[in-house]
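You will see two complexes here that share subunit A, one where it goes with subunit B and one where it goes with subunit C.
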Partner chain A sequence: MCLAKLPNERKLTLCRKYYMAGFAFLPFMWAINAIWFLNEAFWAPPYPEQKQIRRYVIVSGVGALLWLVGLISWVVVFQQNRSVWGATADYMSFIIPKGVP
Partner chain B sequence: MAAVVSCVNRLLAHIFVLLVVLMDVNGNRVKHKIYEDIQGDMACFKRFNGTQEIGCTSKFSGNIGVVHVVESKEDLVWVYQRGPHQPYVLAITPRFLTSEVLKEAQNSGKVSGVVVMVEENKLDLPGGFSGETHCPNHELGLYNDSSQSEYSGYCWKEPWNPNGTSLLYMSWSFPIFLIDNETSINNIRDYYKTFNEPGTDGEPRSWPLCCMELKSNMFGTTNTEVCMRRRTIATSVFQPVNFCDPLSDYNIWGSVKPMNSSEVTPEKSVIIVAARMDAATMFDNISPGANSAISGMVTLLAAAGALYNLKDDIMKSEVEKNVLFVLYQGETWGYIGSSRMVWNMEKGDFPFKHQEDETDQISQMNLTHIDSFIELAQVGQGMTPVGSHLFLHTDPISNVDPEIGNETDTLLNLLEKYANSSGNVKFERANGDAPLPPASFQSFLKRVNISGVVITDHRDEFKNSYYESIFDDYRNVKYTSENESQETDMYHKHISRVAGVLASALYTRLTGNSKVIKADEKLTDDLLYCYMKNFSCQMFRDYGDRLPRDLFSDKPAKMYVSVKGGEGSRTTLTHLVFAKLLGEKVELNETKCKTESLNQVHQLYYFASLNNGTCVMSTVRKTEAMSPAFLIKDYNWQSGEYSTWTESGWQLTKAMIFLKPSVAEEVGLVCGGIASLLLSLALVYFMNSRADLLFGLTTPPAPC
Partner chain C sequence: MDGHVNIDRDDKVVAVEDSVNKGVKKKRRSQNQEDASGGQPPTQSIQPGAQNDGGVALDTNAAFSNDHVQENGPQGVVRRHQRGGGGAEQEPAGSAPPARRGTTQETRQSRHPPGEWEEVEEEEEELKYGAQHVIKLFIPVSLCMLVVVATVSSVTFYTEKGTYLLYTPFHEESQSIGDKVYDALRNALILLGVVVALTIVLIILYKKRCYKIIHGWLLMSSLLLLFIFTIIYMMELLRGYNLGMDWITVSICVWNFGVMGMVSIHWHGPLRLQQAYLIFIASLMSLMFIKYLPEYTLWMVLAVISIWDLVAVLSPKGPLRILVETAQERNEPIFPALIYSYTRMTQMLLEMEQWRAKLVHREKEIPQGGGMQKMDMWLEMEMLRLIPFHKNNARICLVNYYQLNIQPLKLDEITKIDAMEKDKILPERGVKLGLGDFIFYSVLVGKASSYGDWNTTIACFIAILIGLCLTLIMLAIFKKALPALPISITFGLIFYFSTSLLVVPFTEQLASEQVYI
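And then the complex of A and B:
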């Protein structure tokens, strides 16, 4: 879908949909939203809905970034402590690596 | 003319295609041009118990190192002090398989693997070598440190196994492989001489050097608790990985008189005659156990056969005694088989849970039914120039009870009487104030006070200096038969003599009458030959004619207990031979000769190769020998009550040698490859864009 060809109000609804969907623990929605609408929010010639789109894009972007940081830190912490946490860590794992404590 | 030429061309083309097909068009894979496989089926693997892991593992992709053959101490020093091409794979002779050498290798950080080259003909035997500890099975035995018995410290002062290195119970960070294939050993030595051997002044050789890759990556880690838990989790999410499996197989046992549940078994009426049927080494696919397992096991089988020949007398007798012959499995690893039997007896479901609706079923047995216990431990090295000299060990704790003490005394007297009357067997009482040597009997004494004796070839420390090692083979017990039944061999006569004395004593206990019984020497020799020298011997092939051919190899039997679905062939064959020895022929044809239920008093066995088809009815059967620890819900793995040994799973074990060029040459080769790829791409692009100029074509060629 080419955003440039859409009417402005459709752009706003679409952006809002992605924004709302992100709250359902779907950080990818926010990431896509932020990247996809980046141009519309900041560099496209001004139009009335742009202000709102910009807000959604900023919140989505920050949200996605926070998720990313959170996930990476969790992965690092988990992998570092997997053997120390023992049974708890094993029950949290879906695939347990072979031959590693 | 043109037609003829084209015809000839076609014919030539056909011949060419035919030639190509006839010649090997499969081609040699590059891999096979680089690597040469060497024997890799005898790798050291990991095992776990409740608290630790033992054994070896390689990295996931295998360990690589420069081969260095170690013939003397100086070769080791050279590797640690001068060798510039680390990591090294040490190719050692058995003399260097000691914990000191391996520890030094591990600590040096310069060793990525070890191969042990065992040459059949020029065997370089160490003076004494046992992988076990000084006190085998001490922790799960009767006199363990937490038992607070006055004998708990005895073994540490007077070790049973002074040659023990504990090598079996150590954990190594590199793979260790055993190689006994002559071609493989020669390959290693030849390549080493040609490429790796340092100069006379110790000058290291330059690249290319012969390297070895050892692959034996183990799935399990840490301890039994962790790997069993992970196995359960992995299965629950449909990712079945055998991180580890409990050591498990079967106890095989049978009674002389049938035990029917319709008749009451009197208390203190069953004499258990036991031996263990497993041995271990740190390597896969080799566990000869000639003295540690086979000596006692064959004595038991021979005694059972000799006694059962007199079954008519025994059945007629009014004496209410019975003999239960039991071969225990997994005793090396914390008395797995015997502790399981005791556990089942205590729960009241030995051998099986009582079925209300079945009439023909074997009666239940519990600990109160046991009269006494006779165990054949290591008896192989009790051979003297004139006969046999063995020792009778008793338990000082239970014999404090005067009743038990008297019973034990009677038993010893009986055995001594028949030993004396045989002329060339001497049974000597071991130190009465010493604890029992490692024995299955200890599992029973942990729970119940019964009289009993453990028969061994040693009074104090083991005579067997290769206990639980790869050298505990036929040479260790001086067995000399080259093929089945040779008269010159003395060892099978020794085993037969001991079996005869035992059978005579048992006969007296069963009937009240005296009789001197001789065991069948041909049978013992056949059995010894099959177990110790050639598993695919005629006897085993006859008995196991229904088993797949590939179970039979011409090597000695592998006595390791293994895991479920592991090496069951030795158990199956022992079971069949045992059934035949303790069974009688019945006139049933092949289709009718089938047992309906394991609970039945008599089991039926069909041997197609014996006398054109024989159906044997016997009380011999097998029951599971897996530690109760794996069956008790929420068992505390650290409690030390039952054996918790498991074996890691692995994908494959493999060893290869190859020539490795210097790092500079390797990098140069890869860079050169990449450069030539980029160059060719650039060239093609250039030619494509300038095609008209280069080839002088302005218009595409017209269709012909």
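And then the complex of A and C:
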């Protein structure tokens, strides 16, 4: 969908919907929101709704980054401690890598 | 299909010229040039000679030369009128637009070539834009194949045999090739039966206007693909690369991925993202085919399905054709999630709905009878009738969007519409490819690559792209919805079997004998 062709209020509602949806453990949606509306929020010629869009974009971007950092750190922690945690880790594992013979 | 549009254009030209309002058409012309060729040298300069040998000044400004020609020379009008066919001219000029529209629709089927001058113009445009279309389709098709080939050659899960689809009860366990082919044929026919049955169910549902069921069906299938098949894919990928992963990360990833996919396919999302999701879905689907179909069955299915595609799109009572025509009658879109397009059409349709509501509203306001207003109203209605016509196109077929260049002209005629609305509706022209085509192309290439022979894989890849090129050329010639599978798949099958049975043994023989050609 081409954002530039949408009227401003629809841009705002779309951005808000994406932003709200992101709270349902959907950081990817935030990331898409931030990237998609980046141009609208910062470089488009000013219009009344832009301020709100900018706020949503910033919050979504920061949220997505936090999620990313959190997820990566969790994965690192898990991979480091998988053998230490023993049965708990095995229980949590989606795939348990096979040892190299 | 394009013929219809040309005819509409003809009728409209006639109507416009009969009316008082000629500036309208002038705009139409100039808009045509700007919009269609985007600053390229005007192809219309050829036309005055072709369309009107009445010796009208050829040295006028190119953008307006046509208008002068058409306005000054009534000859030109008459001639185009005649070429356009019978329907419109039987009526007195300037009669009530609805009646004219009725005749137009009736005569649509019969009249195809509208006139030489238009053909010249359009063919040149198509040649110009053809290459772009080809490239824009090559990239997604190649990406889809790339995903499939990469997966097939790196993850063994998709080449292991053992479990098969429910629809293929014959497992080709016999040793003799004859039995295997017989099994494959039976399997393929069963599968074809399923496909035909489902297509017919879809059409019946569509005819009965059970949109909720159809949308539910599509939602369910994309849900299945985006969640369950993605989990399977991820599991096999991780297993293939022997990486450990915990459930928390996996569930967060799949949840995000799936929800975003559903949103971008069925609701609003960036175009790139939607395209990426459609490509991914198509490759997942073709991986499933590669995994769960027995070997010979798969080749047989490819052949059978491409024949079915041919029948379904081209035969007069073909289901896909019926689907297209019904959709046209109703001025409705065909469902998203079935077609890959490189322009966003579904979004436009939503806008279109709002716009149409506005128009209906406006119709009430305007008192009937005013000449100019009536004209405008008629043009608007005509346009509304036309626009969805372009959207509604067959599922597993290539769809021609060349005719879309007519819409901006019409839009521009309507002076009342403000720029914003115009911008929203201005369509980009493009070719659409059904997701089914993506799937079967990828199945062929993926299956070829599963034997581990890169020569064969690349031969199949090139064969399919050549077939796609030929289909696009045919599209430019015939200007109607065409099945995209037959040519490509035929080429692919020929290339596959000739390469794997003849060329590769030959080159190996040459290599082992140390003969260099």
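Keep this in mind: the second predicted complex is superposed on the first by the 99 of 101 C-alpha atoms of A that agree within 3 Å, B and C clash if a C-alpha of one lies under 4 Å from a C-alpha of the other, contacts with A are read in each partner's own complex, and residues count from 1 in each chain.
Throughout what follows, a residue touches a chain if its C-beta (ideal position, glycine included) is under 8 Å from a C-beta of that chain, and two chains touch if they have at least 3 such contacts.
These numbers come from a predicted model, not from an experiment.
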For this session: State whether A:101 touches subunit B only (first), subunit C only (second), both chains, or neither.
Result: first
Problem set entry | If touched residues of subunit A are counted for subunit B and for subunit C, the larger one | C
For this session: Figure out whether A:93 sits in contact with subunit B (first) or subunit C (second), or with both, or with neither.
Result: both
Exercise. In the superposed arrangement, which partner chain does A:7 touch: subunit B (first), subunit C (second), both, or neither?
Worked result: second
Exercise. First (subunit B), second (subunit C), both or neither: which does A:84 touch?
Worked result: neither
Seminar exercise, completed: Both subunit B and subunit C touch subunit A at residues 93-96, 98, 100
Problem set entry | List of subunit B residues in touch with subunit A within their complex | 57, 60, 217-222, 226, 229-230, 233-234, 237, 239, 241, 243
Exercise. Okay, in this complex, where on subunit A does subunit B touch?
Worked result: 83, 86-87, 90-91, 93-96, 98-101
For this session: Using the touch rule from the top, collect the residues of subunit C that touch subunit A in their complex.
Result: 235, 238-239, 242-250, 252, 255-257, 259-260, 263-264, 268-271, 273, 344, 347, 420, 423-424
Exercise. Which of the residues in subunit A come into contact with subunit C in the complex?
Worked result: 1-2, 5-7, 14, 21, 24-29, 32, 35-36, 71, 74-75, 78-79, 82, 89, 92-98, 100
